[in-house]
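Please read through the structure below; I'll follow up with questions.
As written, the chains take the letters A, B, C and D, and residue 1 is the first residue of each chain.
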Amino acid sequence: MPMHPHAKPNFRNLFWYPFKITLITALRTFPIFGKLFGKRLGMGYHNTSHPEFLDDGSKARASKNSSFNDISQQEFAPDRVTSDLFPTLWKPQTVQYPYERLEDMEPWLFVPGNYNGRIGVIWETCTACKLCVTACPNDCLHMTTELRVDVLDGADGEHGGLGAELEIGGYAAQLIPEVADTLDDFNHVTAHADTPDQWRFAEVLDLSGGTATVRWNDSGMEQDIAQSELFVADDQIVSGRIDLGRCMFCGLCMEACGFTSFFMTNEYDGMSGFTRQDLWFDASRTRVLPSVHQEAVDAELAKRANKERDKRARKAAKAKAAAEDGA
Amino acid sequence: MKITLEQNAIAVTECADAINDRFSGSGIIADIIQHSNAKKYSFVRVIAPPQHWQALAKWMKFEIGVNYCSMITGTHYPEGGADRGWEVVYHLLRQPIVNQIPDTNTVFVAEKMVGAQIPVEFEVIINLPNNDTPSVPTVQHVWVGADWNEKETWDLVGINFEGHENMFRVLNPHDSPDGFHPLQKQHKIRYHDFNEMYDDAQGFGRKPADEGRVK
Amino acid sequence: MAQMWITMGPQHPMTHGLWTLRVKVDGETVVDTEAELGYIHRGVEKICEARDFTQVTPYCDRLCYVSAMTWANSYIYAAEDLLEADVPERAEYIRLIAAELQRLASHLMWLGAFGPDIGNLTLMTWCMRDREMFLDLLQELGGSRMHYNYPRIGGVKRDIPIGFGDRMIAKVKLFEKRIEEYEMMLDESTIWLVRLQGVGYANAEEMVEAGVSGPNVRAAGVNYDIRWAHPYSVYDEVDWEPAVEKPTSVKGADCYDRYRVRIEEMRQSCRMLLDAIEKIPGGKNTHYSSRDEMIYTKAPTRAPEGASGFSNYECTRGASQFYVQGGGEGRGKMPYRLSIRSPMFITIPFVAKTMIGYKVADIPAIMGSFDPCIGETDR
Amino acid sequence: MDDKYDLRGLIFSTFDDLIPPLLDGTPLEESADSIAFGAATFAAVNIVFLMLFFSQFAILWIERKAVARMNDRRGATTALRSLWVGENGVTAGEWWNMLPFGLGKPIGSLNKWLNNRFGNRDETFATVDRVNNRSWMGYSIFPGFFQNVADGMKFLVKEHMVPQRADRLIFEVSPFLIVSSTLLILGIIPLSSGMYATNPDLSILYAIAIFGIAPIGVFFAGWSSNNKYTLIGGIRSAAQLTAYEIPLLLTLLSVAILTGTFNIIESIHFQHSAGAWNLFLMPLGAGLFLLTMIAEVERVPFDMPEAEAELVEGWWTEYGGMRFGMLFMAEYIRTYAACFLFTHFFLGGWHLPFQGLISQVPLLGDLYLLIPGAIVVLLKSWLVFLLVFVWARFSLARIRTDQILEFGWRILLPLAVLQVVLAGIYRLYLFDPTAMKDTAAGGWAWNAMGIPMFVPIITTAIWLGIFVLFLNDEDKSGNTERMFHVYTEKPAGTYVPGQE
């Protein structure tokens, strides 16, 4: 029920209520009165206890300032107003933005964790599946890829033999020895042509025993070939760029990414420029914070290694079972 | 606190039957369709030939109390065959809204509403032949609310509303060329080389090297 | 003084956006008006014909930056009608919470803009102060402060975070106190009353005839609300009632009634929020992962030709409706035609004619009391 | 009673002592006294004017700060330190390099030094330390004070534009008409009995006459801008000022009748000598004066001429740059002058509250009288500004044109006439001229029926009673008919467009 279903103009309200409420509002911006009014209002204005506003994210963001200002000791009103940080009346409140930043001063007033900020990509764990490119409504993501031989992920690679191996539906490559032999003598300066490709790529259709059925990309022909002749190949990123001028920060790309490689970071600036070209972000400008980056890379690589290990274990068990059955 | 599905079913059936009774043989067919979202209410879908539309509209307004013309959608089907080149869909509502005498209000209890009080949705579909001058009789004088909806539909889709007074462009610029109606299907949102519309100084937006290749 | 035309807009404090009201005045009295729209027509309907059903959502957010969540929800219900998606109940509750938070934020934006229209500048900052609270909550859900892209066909993007419920309760309870402050500032101020009362009459049947909907009609005395008549989310399960006013004249509701009805709607939204957060299935302190079946059901992504979906949704300004036809590009992956019905597109020409006969100083009061939003109007 | 500090007398006697000896033996010897008088007048006028003018920054600051608090904010807090806040000697903007002729070089050097000396040096918590330390120089005792300087600088560097087909001459002249006439008001406002620029005998009439010039400038500005908004604003302004000047004049007339003089300083003396401030003898007049003054200076709730919701910015829409800045400043000066006039007419000018009684207390009384009159006047004016102009502006909405005019003609005018009659009655029948004393203790001229100060006490009580009576006028009946309707020639909704 409204307080005044049919409020009527009268003489008193020319003078009293509007003035009263602005006076109350003005007074309670001073902490000492704020506490008094807080008690009267029941919900509190300044420094009432609302621990639910001290979430982990705010604490984490404030941790670097904890020697200066320990927010776990602060008390908040529901609109996150606190007044203990600057108890003196007359300290300036204006933040001289590029030189001072709000998240340093009053971290709890700032960006909650889910913020859709600048796009950040962890390129190390990106598999170039292009789901993000497909998901983008504005065509602001651009990624070009090419097939390359997985040198590092192979059996001799950095992951101790737990890297990629030939898979049905994956790609494989065969070395063309006659081309490879000419490469040592190939001279970019005089040839006026691209370096000839020493690899021939194919899509793996079937793996059985020691042979693989592949379809060559160059000819489209299918062929059975010994697995030992094939190297693992993969689609790898040549360039990935984002036109932030067209980005509307909807976050569909982040959701499309199955590998936690694609982030909307919490960063809200560093996305301006004087030309539209400045808004084309390449790989170097989509880096995420180093700590996040390292953590994510480690986690993703460990996840993949585990997956691979499990897969091989299952395969081995299956082969063993098959062998036992056969026996 | 809602119109129950039973109330909805009764009201919808009544309306559909009334329309079918009144207009049987004229090509007007009323049907009951169930929404498949939210609470799965039903609504009345009427398929009407354009020549009977005005009569149907007046009858619906004055006999079954359809007082609200909420939306008019025109659609262009260039490949829809000879009989269905264009489609105009009217969304109408029956709302239990009446004038008040001073200092009163009407607070309906939803579960207790009966008969013509129960709100009902109507969808009137009018198929037009495939030609360059699609036209429907106007219902501007039946529902005031149809006025700007019809203006918009003509402006964007190019359906002519015969008898509509004071037709002008509402969303497109007033000096748009005659016959330009952007929601017709011959206007593509993505033309060939559409990216050149934008400043693409580097040029890599234009033709990705692996265009069309699916991993 | 001779009569003259004044062009108010496209940039004018009264317009609350980009449109033009051409007013013919005789001294201080308005004798004729014309509305011109289309200054920010972006062709959203055409753009959406080249986007798949999920990609349309962020565009619907951008129809109205003041109430993005309700517009996205409205589209989602139409798409669910078309694609025949099931929605888990927790997701419906979350949608309700999100939509009502958005309604609070939107009505606060309206009140904040309405204050300076009448000359009260303090109201603006107060409303922005309180709107921040709800934008913070919405940001926790959607990740942005204005365009959330939150609902999904078959559920929502992500679950409510841990602690969201408690924070929301604290803020909503504080805001209920703040509504009383607004009333003390406005309803108890004689000057506010004499500016709004007796100005801008419009009666119920006239408004329905002209296509006006939502709070503007409820101000004229009938409790017709889509959330109440055809509830789409879980509005039939939470505790609320449609806000409705008693107009004091046969001429219908005046500006003051329309102001009151929105204040009442804010109260009802608070009531709904407090109730819904307690009733939410799974509990308010649980956080399910993004694609958990509690909040998301996978829906088909393609719709056949001939199928259509329609949603009738109580947006913050009235009935927002979407009509989606399937069978578009990409073998039905995209809508063939997506039609948007904006409540303000119908209302603005009506209001322009309503203000004939009042003073020039009443133009912002009448226009503001109908809560115009040009983003959705021009689409 | 005169203020203890006679600055004007000091200046004149100093110049009288200094100048004739200097001119001894020169051809100017004979007119040495006149030259001394002229020089002293020049000095006094400038000193007083500058004091008034620069103390105006205080009211801008008061408004900023009060408004911010009412709006639940802290407000702008630009401090001097904003000029050199930066890191490692790099300052934002380096605006001083843009000044012509290398004028900014010293500023740059000073800034560099300040930044090196007081800028950020701690690298651990760089930003936080700087934020924390922002107030340790003491310049933020008045945070936001320098915002006004920054605003002024901004206006100063903006381009001046004249609308096409505007009446260029009038357009250019009218701001100067408004500003100069406004500044002239300051000429007759005394800061204390010993500190004023001029003191014409009829200074009340002078003040009113000067106040009446600006509306012509406003109308000129509105008309000449070739803009419909400014035209309507100008006409509204003319209508409103006409409606409100008459009650204002009548109110001042009643002040003159009561105090028996048209001179501001004499009327202040009268208030002390007779023993009571006018506020307590004519509360109605004080209220009328404030209301009409708010309308006169066009502030909320009477700011129809510049109603920004419908008229963009009213009659000054087309002015930009420093023209706008000057008009803006003129408005504040008029407001400030209104506060001074209220202080002088109703609050006893430079006299302290209960000065007559407290001055009789030994020791304390002497100390009390040591407070300079100028300070008292300034404090009173600032308080009036804060409590009336600022508070009303940010609590109330704006009322409509027809309501403003109706209020002015039908309510304020009769009340003002009533006040004139009352003032005459008071002066003729309730006033005891023999009891006036121009001493520190003051007189007791308003005694009646043997009760000291009976007249002001009973007057205040009666008017307070009437006020309280009106405060309880809330209509609790169920009758819900709206009180205020719009009256138009053609009722709303009956007009058919296109048919004249």
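Keep in mind that, in the parts below, contacts are C-beta pairs under 8 Å (C-beta built on N, C-alpha and C of every residue); 3 or more make two chains touch, one makes a residue touch a chain.
All values reported here derive from a predicted model rather than from experimental measurement.
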| item | value |
| --- | --- |
| Chain whose Cα mean lies nearest the overall Cα mean | C |
| Remotest chain, subunit B as reference, centres from CA atoms | D |
| Chain pair with the greatest number of C-beta contact pairs | B-C |
| Where subunit A and subunit B are represented by their mean Cα positions, the distance between them in whole Å | 42 |
| Between subunit B and subunit D, centroid-to-centroid distance (C-alpha), Å | 61 |
| Whole-Å separation of chain centres (CA-atom averages), subunit A against subunit C | 32 |
| Mean-CA-position distance for subunit D and subunit A (Å) | 58 |
| Subunit D, residues touching no fewer than two other chains | 70-73, 394-396, 480, 483-484 |
| Interface hub residues of subunit A, defined as touching at least two other chains | 6, 8-11, 16, 18, 21-22, 25 |
| Shared-contact residues (touching 2 or more other chains) in subunit C | 122, 126, 129, 185, 189, 191-194, 197, 246, 248-249 |
| Residues of subunit A touching subunit C in the complex | 2-11, 13-14, 16-18, 20-22, 24-25, 41-43, 50, 52-53, 55, 77-80, 112-116, 135, 137, 248-252, 255, 264 |
| For the subunit D and subunit C complex, residues of the former touching the latter | 67, 70-73, 228-229, 232, 236, 300-301, 303-304, 307-312, 393-403, 480-486, 488-495, 497-498 |
| Residues of subunit B touching subunit C in the complex | 1-3, 35-39, 41, 43, 67-71, 73, 75, 89, 91, 93, 95-108, 110, 119, 121, 123, 143-149, 152, 156, 169-173, 182-183, 187, 189-190 |
| Sites on subunit C touched by subunit B in the complex | 37-38, 41, 43, 45-47, 49-50, 77-78, 80-81, 84-85, 203-205, 208-213, 217, 220-224, 228-233, 235-236, 240-241, 244-250, 252, 308-312, 319, 321, 323, 325, 336-337, 339, 341, 345-346, 349-350, 378-379 |
| Residues of subunit C defined as touching subunit A within the complex | 51, 54-59, 61-62, 122, 126, 129-130, 132-133, 136, 139-144, 147, 149, 157-158, 161-163, 166-167, 170-171, 173-174, 177, 180-181, 183-185, 187-194, 197, 246, 248, 256, 260, 263-264, 290 |
